[in-house]
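Labels run A, B and C following the written order; every chain starts at residue 1.
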Amino acid sequence: MKKAFSLSIPLLFVFTLSRAQSNNSDTTRRYIKVPSGYLMVLRQGDDILKKIEEFAISEKIPSANFTAMGFVNVQFGFFDAATKKYIPKDFKNVEMASMPGTIAWQDAKVSIHTHGVVGDRDFNAYAGHILSATVSTGSLEVMITPHDKKLERKFEEPLGANVLQLGN
Amino acid sequence: MKKAFSLSIPLLFVFTLSRAQSNNSDTTRRYIKVPSGYLMVLRQGDDILKKIEEFAISEKIPSANFTAMGFVNVQFGFFDAATKKYIPKDFKNVEMASMPGTIAWQDAKVSIHTHGVVGDRDFNAYAGHILSATVSTGSLEVMITPHDKKLERKFEEPLGANVLQLGN
Amino acid sequence: MKKAFSLSIPLLFVFTLSRAQSNNSDTTRRYIKVPSGYLMVLRQGDDILKKIEEFAISEKIPSANFTAMGFVNVQFGFFDAATKKYIPKDFKNVEMASMPGTIAWQDAKVSIHTHGVVGDRDFNAYAGHILSATVSTGSLEVMITPHDKKLERKFEEPLGANVLQLGN
């Protein structure tokens, strides 16, 4: 175990470096303005939630709905009401068949809530709350419909979940 | 069996009373107007189809498309062409990963047609035509895009199915 | 085998003729204009990708997003990175629970990219990239949101996949 660990440091370093370089050198535009909002095309290796977050900050999005499809690696999480934690599971190289979500704000940070349905090479489907996702060998096409009101998510008790607030 | 039945009457009464009270006291706004339509956030215990129906009547929606995601209890139904009836199945405490639908009218009543994909705690996915659904421990976020034409659904023979009519 | 083959020619002819006739005689309108785009209702026997393609040509759609739901026969395909070919699988008489897609252009032809999630009579879900699909006993409701920029898909190497181009 110890040997494996000491080996993994330079490997991780190389991998991180290569990822960073590829992201730095890839200056391809990721989104354009369209009449109904924004059309985003994320590319191999992109961190999906991070890219949507950066977009929301750059374009000063008060709130938005989006829907996406593509080819991804995804980590789903199921919220365990007893432990109040997400139980995660990874799915690699799967078709993202449907991925609806919303963009809002929480504690001055972008708050993305998104679910997804993926299909593996035998077309078996898996669905859940998305904890993280990257684009695999392909792309992710995202249609974003912004709203004009700044919306906040708030952790509600005794529910134990974040809920999008519409005001009263 | 008989004892169980006699016991269930007061239990059902208490449950119904508590549901009704919680619904009456919860005056939180369920939707707001946004440039592209309406953003709806349904809350724990809400009857999803009923809330969308009430919305359609209140806002005089001629017809609309919508898409939703959240955490639900849902009853799917598969239409049996032989018996002309839906075979139902319930899924409790599941992530609603994708729920597209349309709002139209039929016999002067709101007609909602909606399908859904849900994921259980192991992320296994199930999909089908939605007969009924309530919000579980969480919320349901719904984006509604209204149209300007009043559209009707009509039962078509020999198809044996309701079809959204676009006129001729 | 030889006898079966000689028999299949007239049978195929009759089947093709009957399909052509039914499609010719069904002049029901397939889509209408709505404020946010187009609402399409495809009907039993319609070739879904062909109808969307014909729509894109007729209405001179520069590019668009769409989302659909209904009752279909569908052929999914999973892209095998080794052979660079899709491995296909058919699903008959299934609920199309969610079907997001985009319309663009490639080599002066309409290029449709669409994924789907279907549910069978036991509500088991299957998901993937759609190679072809027809409407089964029911309909398919499609909401199409057009964009104002003509967008092209381009086959990118070394990725080995078609990617929607947003310009630079």
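In this text, contacts are C-beta pairs under 8 Å (C-beta built on N, C-alpha and C of every residue); 3 or more make two chains touch, one makes a residue touch a chain.
As the structure is a computational prediction, the values presented were derived from the model and not from experiment.
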item	value
Turn needed to bring subunit A onto subunit C - CA fit, degrees, nearest 5	120
Copies subunit B and subunit C touch via same or different residues, half shared test	different
Separation of subunit B from subunit C, taking each centre as the mean of its C-alpha atoms, in whole Å	27
Per-residue multi-chain contacts in subunit C, two or more chains	36, 67, 98, 117, 125, 127
Footprint of subunit A on subunit C - complex, ascending	36-37, 63, 65, 67, 76, 78-81, 87, 89, 91, 98-102, 113-117, 125-129, 145, 147-149, 151, 159-161, 163-168
Subunit A residues touching subunit C - in the complex, by the definition given at the top	27-32, 34-36, 39, 41, 43-44, 67-69, 71, 95-98, 117-125, 127, 137-139, 141, 143
